[in-house]
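Two complexes, one shared chain (subunit A), two partners (subunit B, subunit C).
Right, the complex of A and B next:
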């Protein structure tokens, strides 16, 4: 019998609130979840649990333009997200997939197979190191949080992106080998060139998830608001003195 | 396990806990935060700390019950996990004083684990050996300085398996047990009977019941009906935008199907012949008043085609809710006879699974069927003659040629297509 999974579809939900919600669901819920957010507002820079803003961002430009910076609770790198970012997060208990060992690599392998079924029309879909890609171009980045009995895997897909906003991020010191020193424009591709409409990603994903889970649509107002001390927080940047 | 801390046990009962592998081989991890502090009691499996590898935060849990006697690193420290026998690359993460009342058991465990630790091997090789039930101290290492490699372990495992199966084989030969070999246990391949070949092929038998039986009978009957098919492409750019906008205004699951079904019903008003059936001797065509639109659904038990009653009276939301209701019933194998009977026309959305074109078979006694393929992003010319990416959906209409001619289908399809491509025209039909 397939385990149950609650599906939460959000539209333009602020990423800060989404991350806090996911943190709560990871640590306070024992259910399985899929959270899908179609775009976010305002444009926000999201950093992993560690990492220095001074190394990863153009701090002066970010401060000048008032771009919010959030530090999330999961690992991984820095992204800038906006109305053209599609977010997918899976939060599962160990017993949902008993054969899945809770290591980053094994989880990524499992989710890679899931997304292979999502992107059936594109035989170039592959997992490169930690990224989802079509051939040699990245379509999404991932990050995970793993505890003893639960795991979380969140992915941000670029439906479209603004080169001007990408400029707030520096090229990371540790880049995947397949990047081969390429600029953002040559390394990343836009999902809108491959799918017909934004909701199609969620629909295809639900079809793929439906093979493993018994899905149940949930509204945000039906999610328990438990007290939790979040680690997701805004980061205050220190501009260099003039 | 996400991260169980391995250990070294000192004479005083203190466990030195280095960072065990996190499932990614030997990569540096950053210590993000502690969940425990010096002097605090910990239970087995209690989270000790959180580390971050390249893309994941991982909780490290304790293998022992005891008290944290020393924490060696502050958050932000970069650690290298694992160690190789007595040659430790990683530092000790923390120390736990373990509580164990049976000194002899601890000593014996310490001696065994010490011998195991003295063998040079990576954590991955140690883990493999544990899985295969092989003690590393019994394996001759072929690597540098006697290091035990993966192949060394696998070789021992295969020898062990061979020996065990030899033992099993010897103990069960007929000569030992006194059994006679059955006459049909033939080893000469040429003499193997047809029955035996069938048994050896391990066929799976599926009884044809329920939906499968209905499908088999319906399709067999449909084979005798002269079908013809008409294909068209629909530009659904406008529909994509409208649907996205309307989905925000409703709690109903508003896929494309409700729009296609409503447009179908609105067009059927002018082409009632498509909503009809013909009697057995083809002497009479009955045009139905109600638009009971069947929706083909793939279930674990086979193809089900429940129908939405009187679509001509329903709104988009009501159609969407009916699709949701019938889908749940179909998935649970709880459709009623009324749900699946008295349909007048069928829509098959195989594009939801994948696939762009099809040759749908009529759901008798209906006279027409509409099959909808996957929406694709394809290059098209706009009014200025420039290429742009358009959302294109392929559709195939199947019809009973005894009832409907090609010209009628073509005209019907043109009007239906126009309504789908310009969904604002739905408003003209509001009463």
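Right, the complex of A and C next:
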């Protein structure tokens, strides 16, 4: 019998609140979840748990333009997200997929197979190192949080992106080998070049998830609001002295 | 993939004529046999979640296993507790980050943290380099020696890893 999974579809939900919600669901819920958010506002930079603003951002430009910076609870790299980012997060208990050993590579292998079924019409879809890609260009960044009994895998797909906003991010010192030193523009592709409309991603994903889980649509107001001490925080930047 | 290739070569060397399905059946246990190449020190005890403890004079040194570091990939950050804080057997005491993932780490014993490995905080790759040695994470003044009850010995842990770590 397929385990149950609650599906939460959000629209333009602020990423800071989404990340805190996910952190709470990861640590306080014992249910399986899929959170889908169609865009976010305002544009926000999101760093992984150990990200250093000085290394990863043009701090002066970010401060000058008042872009919020969030440090999330999961690992992984730095992204700038906005109204053209589509977010997909899976949060599962170990017993949902008992054969899955809870380590990053094994989880990514499972989710990679899931997304292969999402992008069946795109034979170039692949998993390159820890990225989802079409051919040699990255389509989505992802990150994970793993405990002994639960795992979370969140992905941000770029429906479209603004080169001006992307310029807030430096090329990370630690980059996948297949990046080959390429600029953001040459390394990343846009999902709108592969799908017909934004909601298609959620629809295809629910089809793929439905093979593994019994899906139940949930509204945000029906999600329990338990107290939790979040690691997800806004980051205060120090501009370089003039 | 590399482990399966080694297993296939081993089968050839042993002059085993295999059908593809049999070769795969052999490859999996042979590959798992190669998965932990570092011998497990015999004075350690383990949690199912792959943390180890070595007890000397009431102090437990805690780390993660070589299998865990191998499966995590490159460790890039370790968030460890403060000296003086308390840890509880089976409860999360910190996090290791490996490229894209944050993984909770659990204490095999309860007590007070009396030392934190500052070298690992500066150079997290030490966990990958020597998970059973210089990659240790914290030292705990144990509050209850009976915490060792129920932990796995090295043979049981090795079996746990071979069975897929569940």
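What we mean here is this: the second predicted complex is superposed on the first by the 242 of 242 C-alpha atoms of A that agree within 3 Å, B and C clash if a C-alpha of one lies under 4 Å from a C-alpha of the other, contacts with A are read in each partner's own complex, and residues count from 1 in each chain.
Everything that follows uses one rule, which is that a residue touches a chain if its C-beta (ideal position, glycine included) is under 8 Å from a C-beta of that chain, and two chains touch if they have at least 3 such contacts.
Since the structure is predicted, the reported quantities are computational estimates derived from the model, not experimental observations.
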Side-by-side fit of subunit B and subunit C on subunit A, or clash: clash
Partner chain(s) touched by A:25 [first = subunit B, second = subunit C, both, neither]: neither
First (subunit B), second (subunit C), both or neither touched by A:130: both
Contacts of A:98 with subunit B and subunit C, given as first, second, both or neither: second
Residue contacts on subunit A - larger count, subunit B or subunit C: B
Touching partner for A:209 - first (subunit B), second (subunit C), both, neither: neither
Touching partner for A:48 - first (subunit B), second (subunit C), both, neither: both
Subunit B versus subunit C as contact partner of A:73, first or second or both or neither: both
Which of subunit B and subunit C A:146 touches, first, second, both or neither: both
Subunit B and subunit C footprints on subunit A, overlapping residues: 48-50, 73-77, 101, 103-108, 130, 142-148, 174
Parts of subunit A lying in touch with subunit C, wherever the complex brings them together: 48-50, 73-77, 98-99, 101, 103-108, 130, 142-148, 174
For the subunit A and subunit B complex, residues of the former touching the latter: 11, 48-50, 73-77, 101-108, 120-121, 130, 142-148, 151, 174, 192-200, 203, 207, 217, 219
Contacting residues of subunit B [partner subunit A, same complex]: 1-3, 22-24, 30, 32, 45, 47, 52-59, 61, 76, 236, 240, 243-244, 247-248, 251, 253, 255, 352-354, 374-377, 389, 391
Interface residues, subunit C side, partner subunit A - complex: 48-49, 68, 71-73, 76-77, 79, 92, 95, 97-104, 106, 164-166
